[in-house]
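Some structures are shown below for you to check.
In the two assemblies presented below, subunit A is common to both, partnered first by subunit B and then by subunit C.
Here is the complex of A and B:
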C-alpha cells in the first residue's frame, strides 16, 4: 500500500515537471539563434525552397501548436528525427543508453567503494590527520575539470606509459564488436565466449571508469563524512556510549544509521553525474547517449537535444523512484509512516 | 612632532597587532580558508598585473616557433599557433575572475530576493517558487548551461547570465531556509505590527540575519562558475580560441597531448584546477567559520 501510494505520488508530481522541462527545452532550441532550416536547405536555396523545407518540418506553425503536436507525438512514442543522423532519435538514444549506463555504473560503483569507507574513516578520525588529508584530496577532486582529468589520464597511461589503449571507442578498432545482447561489449563478449573482445572492451573501459570514479568519489567522501558525523552526535549514539557499550558496537550503530542517507545521497548524485559522464564520453569518443547529447547540443540538432533532455529527465525520475524503494527496504521506519 | 610620530606609530602597531592576531586566529581555526584565500589572492594579482607580467603578447603568433617545448625563452612552451603559453595562462586568469564575479553577483541578485520573498510569504507563492527551484535541481547543471548557451549564442555576456541564472536556485534555497527559521521571531512580528512595508521587512530586517548561509556559498559558487565556463569553452561553445581562456586552451591542447606536446593543454589545465581549488577551499573554510553547527562537528 505504502509502495503504491509512493509510486503514485511520484508520478503525479513528475508529470507536470516533465512537461515543464519539455516545454523549456522546446522553447529554448526554437527561440535560440540557430535555424536548422537554413542549414538543411543549403546555402544556394531560394526563399521558396526554404519555405518548403520549413513547412515539411512543421516549423511554419505557431510555437504553441508545434509544442502541442510534439507532445502528442511523444505520447505515441515518436520523439522526432535527428537531422544529423537522419534516424529516429528514439532509436539513436535507446541503442546508446546501455553504453552510457555501463560507464556510469562501474564509475559510481568504484567511486562508492573508495568514497564511502574513506568518508566513514574520516568521520571516525574526526579532525585527525586522516580526516584533514582526505578532506584536502576530496576538495581537489571537486576542483578537477572532468574532461581535463580524462585527458591527463590518457596522456599518462596511453602516451607516457603505454599501458592503456588509445581513447577511441569501446573496443579496439581491429576487433569486430560482439553480437549485441545487453549492449555492453564487455558482457556481450563474455557471453559470446570471445575472450579477445572481452579483454579489449575491459582495457578500453578502465580509464574512463577511473575518471568517473574519481569525479564521483569526492562528493561521496564529503557527504558520507558529514552524515556519519551527524549520526555520531545524535542522542541515541550518545545514549549507547553512556550505557557503556563497547566502541565496536557503537560504531556498528553509527554505520547502520548512516547507511540510508548515504545510499540516498549516492542515488541522487547519479543524476547529476550524467553531465560529467557525458564529458568523459566526449573525451574518450565513447559513443554513448551522453556524447550523442553533447554533439546534438553543439551542432544544434533540435529533436536530438529534446530527446536527450527527455532521456535525462526520465532517467532522473527512475533513479529517484529506485532510491525511494531502496529507502523503504533499508528503513522500515519510513514504510511505517 | 616626534611625540606625534611615536603615538601614531604605536597606534598603527597596536592596530596591526590586532589584525595580525585575528588572522592568526582564523588561520588556526580554518587553515583551508587561508590557503584558499592566498591562492585566490595570487590569481587576483596575476589578473590585475597581467600586462606587466606577460613576457609576450598572448595572441600574437610566431610562425617560427610552433609547438616548441618549455624553454628559458618560453617557460610553458608555445602552442600550435606559435603563441606563448605562459603569457596566455597568465592572461586567462582575467577570464576566470571576469566570469566568476559577475556570475555570482547575478545569482545573488536573483536568488536572495526570491528566497527572502518565498520564505516570508509562504503559501502558494513559496510553493510555486520552490517547485521551479526543484525542477532545476533534478537536472545536471552542466547540460542545462550547455543547452542554453548553445541556443542563445556564445557571447561572454550570455555565458555569465546563463550560469548566473542557473545558479540562483541554490541561493533561493539557502536564504529561504534561514527566513523560515526567523519568520515567527518577535523582532519580525513587531516590525510588521509597527507597520513596516514588506520590502522593509525583507531587506532591512530579514536580509542581514538571513544572508550568512548565502555568503558562505558565494566562494563555492564562484568555483563552479569558473569550472563550468571553462567546460563550455572546452566544448567549443562560449569563448572561442585563440582567446586566451583556459578551457579553450585545453581544447586546443587536447589534440597535441596525445602526440606528446603536453605543455599546450596541461599548463592551462593546472591553472584552472588551482583557481577552482582556491575558491573551493576558501568557500569550504568560510562555511566552517560562519556555520557554528558545522564548526563544532561531532562534539
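Here is the complex of A and C:
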C-alpha cells in the first residue's frame, strides 16, 4: 500500500463519517432542551425581543435548513461564533489546541514510558509476582473516575503536602505569561529564556500530567502485556527458540514484533483519552480546548460545541493517519500490501 | 550407531480447574524409540496422539502447563534432560534442527530471509557475518531455491509455502545438524512440491549421514521415504518396526485399521490418517491398553497393563492379543 492510496482511503472513509458526526451533534445540541436565546436575551426580555434574537442567530429556520447553512459555512472556513465569548469559535479553539495537546502529549508520553515497560516485564514474568502486582495496580487505574483522580491529586499534593501549586491554570497567577510561540508556556518560557515562567509552568504541569499518565497507563499496561504474550506464543518465537538463538535475541524478536501493535494501540488510545483530558482540564482550570468544549456543553453554546466536536473528529483523523504512517515505516508487510 | 535414544518419556499437562483441583492430562505415557545416523524414522498417528509433543519434549521446548515428568532422552551420548539450559540452547538449531509445520508463520516477519539464516549460524559458531552470508547463499541454492542471492533480501511474506519450507530446511542445514526433526514438513503443500522437499530430505540422509525423524499423518510418506516407522496412539508408541515389516504384517489392531483404511491410496501421497472413533480422554485414560474403547478384539485382559512384545525381526507391538488379532483380522 502506498502512502497516497492510504491517505485517500482514510479521507474517503472520513468525510461521510465527519458529516454524520456533525449532523448528530447538531441535532443533539438543538434538541437538548437548552434554549440559548432565552439565556442570551436575558430574563427581562419581551417575547418580541426574543424573536429578534432568534432571527439574528438564524434559529427561526427549520432544522435541516440550519444544518445545510452550517455545512456551507464550514466549507468556507466559518464554524460559527461562540455566544458566550462572542468570538469566532475557530479562533477560540485554535488558540486552545496547543494547550490541550501539551497536557495530552506529556501525559501519554509519561503513561507510555511507565506503561510499556511494565506491560512488557509483566509479560516476560508471566504469572510471577510482578505480573500479578502490575495487573492489580492497573486494574485500580481503570476503576478510578477521572474527575476524582484529579481532585485526589490536588488534595494530597497541594492541600495536604503543599508540594504542588494550586490547580489554577498553566502558570502562577503572579507571573505574566511568555510571548506566544508554540502555545506551550513551558516551551515558550524556555525559548524566551525566562526561567521563572518555565519553572512555574512546569510546576503547574506536573499534577495534571500525572493524572493523564495514570489514566493512560492502565490500558497501556494491559494491552502491552497481552500483545507481548501473544507474540511470545507465536510460531516464529517458538521457532526462534527451536533454532537455539540466545535468549537475548529471542527477546529482541519479541520486542520488535510487539512494537507496531503497541504503537497502534497507544495511537488509538490517544483519541479516546480526549474526554478524560477534558475533565482533568476542568479540575485544574487548564483552559484548553477540552475545558472549552466541556464549558460549551454545560452552557448550551451550540456553535462552540459543534466546533469542539469537529476538532475531536479532525484530531482523531490526524492521529489515525500518523499511526498508519508509523505502521508503514515499521512493517515491511504493510508496505507491501 | 544409535544417535537418539528416547526411553519411557512421560509428559503431562498439569493445571488446576476452577475448584482449584489439580488436573493432569497424561499426554505422553512412556514413549520409547531409537534413531541412528543415516536413518529415517516415520512417526505416524492421528491428531492429538502426541507426535509434536514428543518432538518438543525432546527439544526441551515445552510451554507450561506441559512438563516432562519422567523418562530419559539420550542424544549423542548426553542425557538431554540433565543439560543446563545454555547447553541445551546451543544444541538446538545446531546439532538438532527442527523443520516445523506452518513455515510461513514460523519465520520472523520483520527480518529478511538472509538475516535469519545468518543469525542461526552466527549464534552457534564464530563465523563472521560475511562467511555466514556466503554459506547461506550456497545452502539456499542447494535446497533448490532459484536466484538465492536475491532471495536473501526477501521478506517472509513474499515467499510461497513451498519456498518458506525450503528456507526452513536451509536454516536447519546452516549448522550441519546430526538430527533433523521434521514435524509435518509437507502439510498444505501441493504434491509436486511435497515430493521435492522429501527427496531433498532423503538426499541429506544419504549424503550427509544425518538422522531424520518425520512426523506425519500420511502413511504414503512413511511408505516412500522412511526405513522405520512408529505408530503412536494416545501418548504411546503402539507398534514399531521396519516399514516393510509393519506394512506387510501389522500386529496392532490400530495399525491394521490405519493401513486397511488406505491400501489403494498409499501411492498418491495424499491420504490422511484417520483411525476412526473418538480420541481417548487424556485426563482419564484406560488402565490397560489405551485403544480398548475402539478395539473389536477387546476383552477383560486388555484392562491389565500391556507391554511391548516382539512380533517379528526388530518389529514390536503393544497388544495382549497379538496372535488372535493376526488370525482373526479377516474373519
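Definition applied: the second predicted complex is superposed on the first by the 336 of 337 C-alpha atoms of A that agree within 3 Å, B and C clash if a C-alpha of one lies under 4 Å from a C-alpha of the other, contacts with A are read in each partner's own complex, and residues count from 1 in each chain.
Rule of thumb we're sticking to: a residue touches a chain if its C-beta (ideal position, glycine included) is under 8 Å from a C-beta of that chain, and two chains touch if they have at least 3 such contacts.
Given the structure is predicted, the values throughout are model-derived calculations rather than measurements.
After overlaying the two complexes on the shared chain, residue contacts for A:139 are found with subunit B alone; subunit C is out of touch.
More residues of subunit A lie in touch with B than with the remaining chain of the pair subunit B and subunit C.
Contacts of A:229 after superposition: subunit B is touched, whereas subunit C is not reached.
Touch criterion not met for A:181: it reaches neither subunit B nor subunit C. Contacts of A:314 after superposition: neither subunit B nor subunit C is touched.
Contact with subunit B, but none with subunit C, is seen for A:276 once the two complexes are overlaid on the shared chain.
By the touch criterion defined above, A:21 lies against subunit B but remains apart from subunit C after alignment on the C-alpha atoms of chain A. Once the two complexes are overlaid on the shared chain, A:285 sits clear of subunit B and of subunit C alike. Applying the stated touch rule to the two superposed structures, the overlap between the subunit B and subunit C interfaces on subunit A comprises residues 233. Contact residues of subunit A toward subunit C in the complex are 233-236, 238-247, 249, 253, 256-257, 331-333, 336.
For subunit A in complex with subunit B, the touching residues are 17, 20-21, 25, 28-29, 31-34, 123, 126-127, 135-136, 139-140, 142-148, 151-152, 154-155, 158-159, 166, 229, 232-233, 271-276, 278-279, 282-283, 293-294, 297-298, 300, 305, 308-309, 312-313, 316.
Contact residues on subunit C toward subunit A in their complex (touch as defined above): 59, 61, 63, 89-94, 97-98, 100, 102, 105-111, 119-120, 123-124, 155, 157-158, 168, 171. Those residues of subunit B that touch subunit A in the shared complex are 32, 131, 134-135, 138-143, 146-148, 150-153, 223, 227, 230-231, 234-237, 247, 250, 253-254, 257-260, 262, 265-266, 269, 272-273, 276-277, 280-281, 284, 297-299.
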